[in-house]
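In what comes next, chain A is part of two complexes: it sits with chain B in the first one and with chain C in the second one.
Our next item is the complex of A and B:
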């Protein structure tokens, strides 16, 4: 079985580590990972590019540019993808020097698009492995390899929501 | 041993790390090896200094200020990275500039300098790699030469390059004049290049580092980029990345580049931003000083460009660092038309 996921990250740091773990983790499914800094993807690669099952936008909360780049890239995503094939991955959320406003904006964005928002810790090996495992689970569903679920149903269950109760939790 | 000699010797012993002191003393050669072997280099510097001093004062080795300054010079030649070196260059060569050779240069330089300023102490030494090292201690009408703050000059004969360490503005014209006359040139100019490592600024100025040249046909991808470890991982923007890397290497060199620490831009341009009303309508220029500093500036700038943080093509403001061999620039309105437009993003 062949699946393919697209990781989009402005800093190009975390995506490499994730890619290495993802492709080595699965033995019975062949996972293709494509790395990009931003969208749109270059036209030259269109013919060789396989069908993408999941697009993951990686946002590093330490850099304003990271979020801005993702906002700009979102315009180039085909609307069909938003029915369960797009997910946001946020790193650096635990860093106390990051303002909570940025995280709020990311959550607002994810909520408005009805997409899941995952948090990842990119500085340790366990963090990378955990993030890769979660992405793989999502990928298997969106690729249709899990019989009881589809991407849309999963994203309905896991999508990001903004609730006023949660806002007080971020000290 | 008089006070000055003692002070200079004390400074040398204190500054040189104990592990190096033995070989420096040996290279100096003024104290016989068998006496050096008796010294214990593991004691404190204070005790070591007393030992060395008594060795110097022993009758057969009656060593003077001149010899102690020589010792300091030997250590300095081996370890020139102790402060900021500035580069200058000689211009307007005379017809017979190629005939200047070492002995003549030494005589001429000493003669000219002592003509210009009477109380000065000069020592000239030729190093293995064809460089001429000059140590100058400056004095004036009322004071003897100050041996504690010498100026060091390095010059490669028959090249226009001169590197200067610890030269005050007061003595600059004197040194320049003496050098110009001794090397048969018309004048000497500041190169606007400074750095902590002498070898680095020399290599940088003489362009002896690995440079990338623009090629019409791009190299195959495998040569430059590290191949992804897994064939399942593919980079979408690989071509653009390769192009960025090529442009970065063209502008800043690749591999082991000379180590520069800073690049400074002095702006004397009119303010052209959109926000500030008070600053916008001024007649006089908006003076600002922009300084980039890094442990290895060229590598940092290369990374900025190849990682996409700075725009490509590389702005001439940055690429002139390597193109012109300078790291201090004065930007005026006439000189660079787009000084406010080419924004470089720094993390």
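Our next item is the complex of A and C:
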């Protein structure tokens, strides 16, 4: 079985580590991981490009540019992908120097697009392995390899929501 | 809002009007312990030059400004009484002497004793709920000094709360006093001893307070906005870009240009005297795009480390210098907010 995922990250650091782990982890399924800094992808290789099952946008919360770059790239994603084939991966959420409003804007974006938002720890080996394992599980569903689930049903269950506590009335 | 210690009686407002009818002037955020929800203002009062000497003793003001302060946050103090400051002074003095005997407060050199003074700085607190600011000064007493010799100040620090979040302050139990912002200036070993004395006496915890990029951007915009009343002389931003090796960028802007950019960003319909977070973001975006036009470098792909003007400077690692006393209240309000946000409950 052949699956293919596209990782998009402005800093190009985490995606390489993640790609290595994903490709080596899975033995029964052939996983293709493509890396890009931003979308749109270059026109030249369009014919040879396989069908992408999952697009993962990696946002590093330490840099404002990371989020801005993803916002610009989102314009080039075909609307059909947002029905379960797009996912956001956020790193650096626990870093003390990151302001809380940056994470809030990412969550607002993910909520407005009805996509899941995953958090990852990119500094340690376990963190990278955990993130890779989660992405692989999502990828198997979106590629249709899990009989009881589809990408759309999974993303409906796991999509990011802004907590109603924060939006509700307080007195 | 629920906090683990008290439950305020909640009255649910009837949702008879849609949320989209009015702009939220604040957003909600959790403290770092995820148990308390605070309102973070998205609009602030524009700083007005206020002659602080009307409210605060000028001698005390000189103690606060011009020094570089290292910031920490403090959890609420149990049974701290502003009336017992003399007792605390003696206690801390004895504690430092005891620690020195044990060898922990290392002061290699002349045998010196320490004289500790606790004092209240009235007039810094803005609302009725803010506790009064407490100033601590440690002077060294050389053993062989003649009486009448001026004592040298080796360490100073102060605890303050300015415009603290009312929800947070109301949620405290009666015996607790909240002075969440702690500023210290002096040798690190003495700071450590002072902090451990506070922790033992008042069952509190200290933690280092850094300033995130949003707070630095607020200060950048608010100080620039003061330019017509108080010449800022320069606006200097220090960025670090994550290249190999890391690139430090020092970006100095002519004050008049900065002021014109800020003025152009201020919205026509903005309520006079308030500044919104959107205006701050636009201001920073303007500065960054100007830089990009000249150097083709995105400053937003790096981290903002330091903002400085003639009115003061602030660093991401929690070092602050206030050079102009007129805007003390605005800066301290922002710093108090940062401190409360870091509370581990």
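One rule holds in what follows: the second predicted complex is superposed on the first by the 164 of 171 C-alpha atoms of A that agree within 3 Å, B and C clash if a C-alpha of one lies under 4 Å from a C-alpha of the other, contacts with A are read in each partner's own complex, and residues count from 1 in each chain.
We take it that a contact is a pair of C-beta atoms (placed from the backbone, for glycine too) under 8 Å apart; a residue touches a chain by one contact, two chains touch by 3 or more.
This is a predicted model, so every value here is computed, not measured.
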| item | value |
| --- | --- |
| Touched partner set for A:112, first chain B, second chain C, both or neither | neither |
| Chain B versus chain C as contact partner of A:12, first or second or both or neither | first |
| A:31 touches, of chain B and chain C: first, second, both or neither? | first |
| First (chain B), second (chain C), both or neither touched by A:66 | second |
| First, second, both or neither for A:20, with chain B first and chain C second | first |
| First (chain B), second (chain C), both or neither touched by A:98 | second |
| Touching partner for A:41 - first (chain B), second (chain C), both, neither | first |
| Partner chain in contact with A:156 - chain B first, chain C second, else both or neither | neither |
| Chain B and chain C contact sites that coincide on chain A, given as residue numbers | 63, 65 |
| Contact set on chain A toward chain C in their complex | 10-11, 62-66, 68, 96-102, 104, 165-167, 169-171 |
| Residues on chain B engaged by chain A in the complex (per definition of touch) | 228-230, 232-237, 239-240, 307-308, 345, 347 |
| Residues on chain C engaged by chain A in the complex (per definition of touch) | 1, 8, 10-13, 15, 19, 27-30, 37, 40, 210, 212-215, 242, 277, 298, 300-303, 316, 341 |
| Chain B-facing residues of chain A, complex | 6, 12, 19-20, 23-24, 30-37, 41-42, 44-45, 63, 65 |
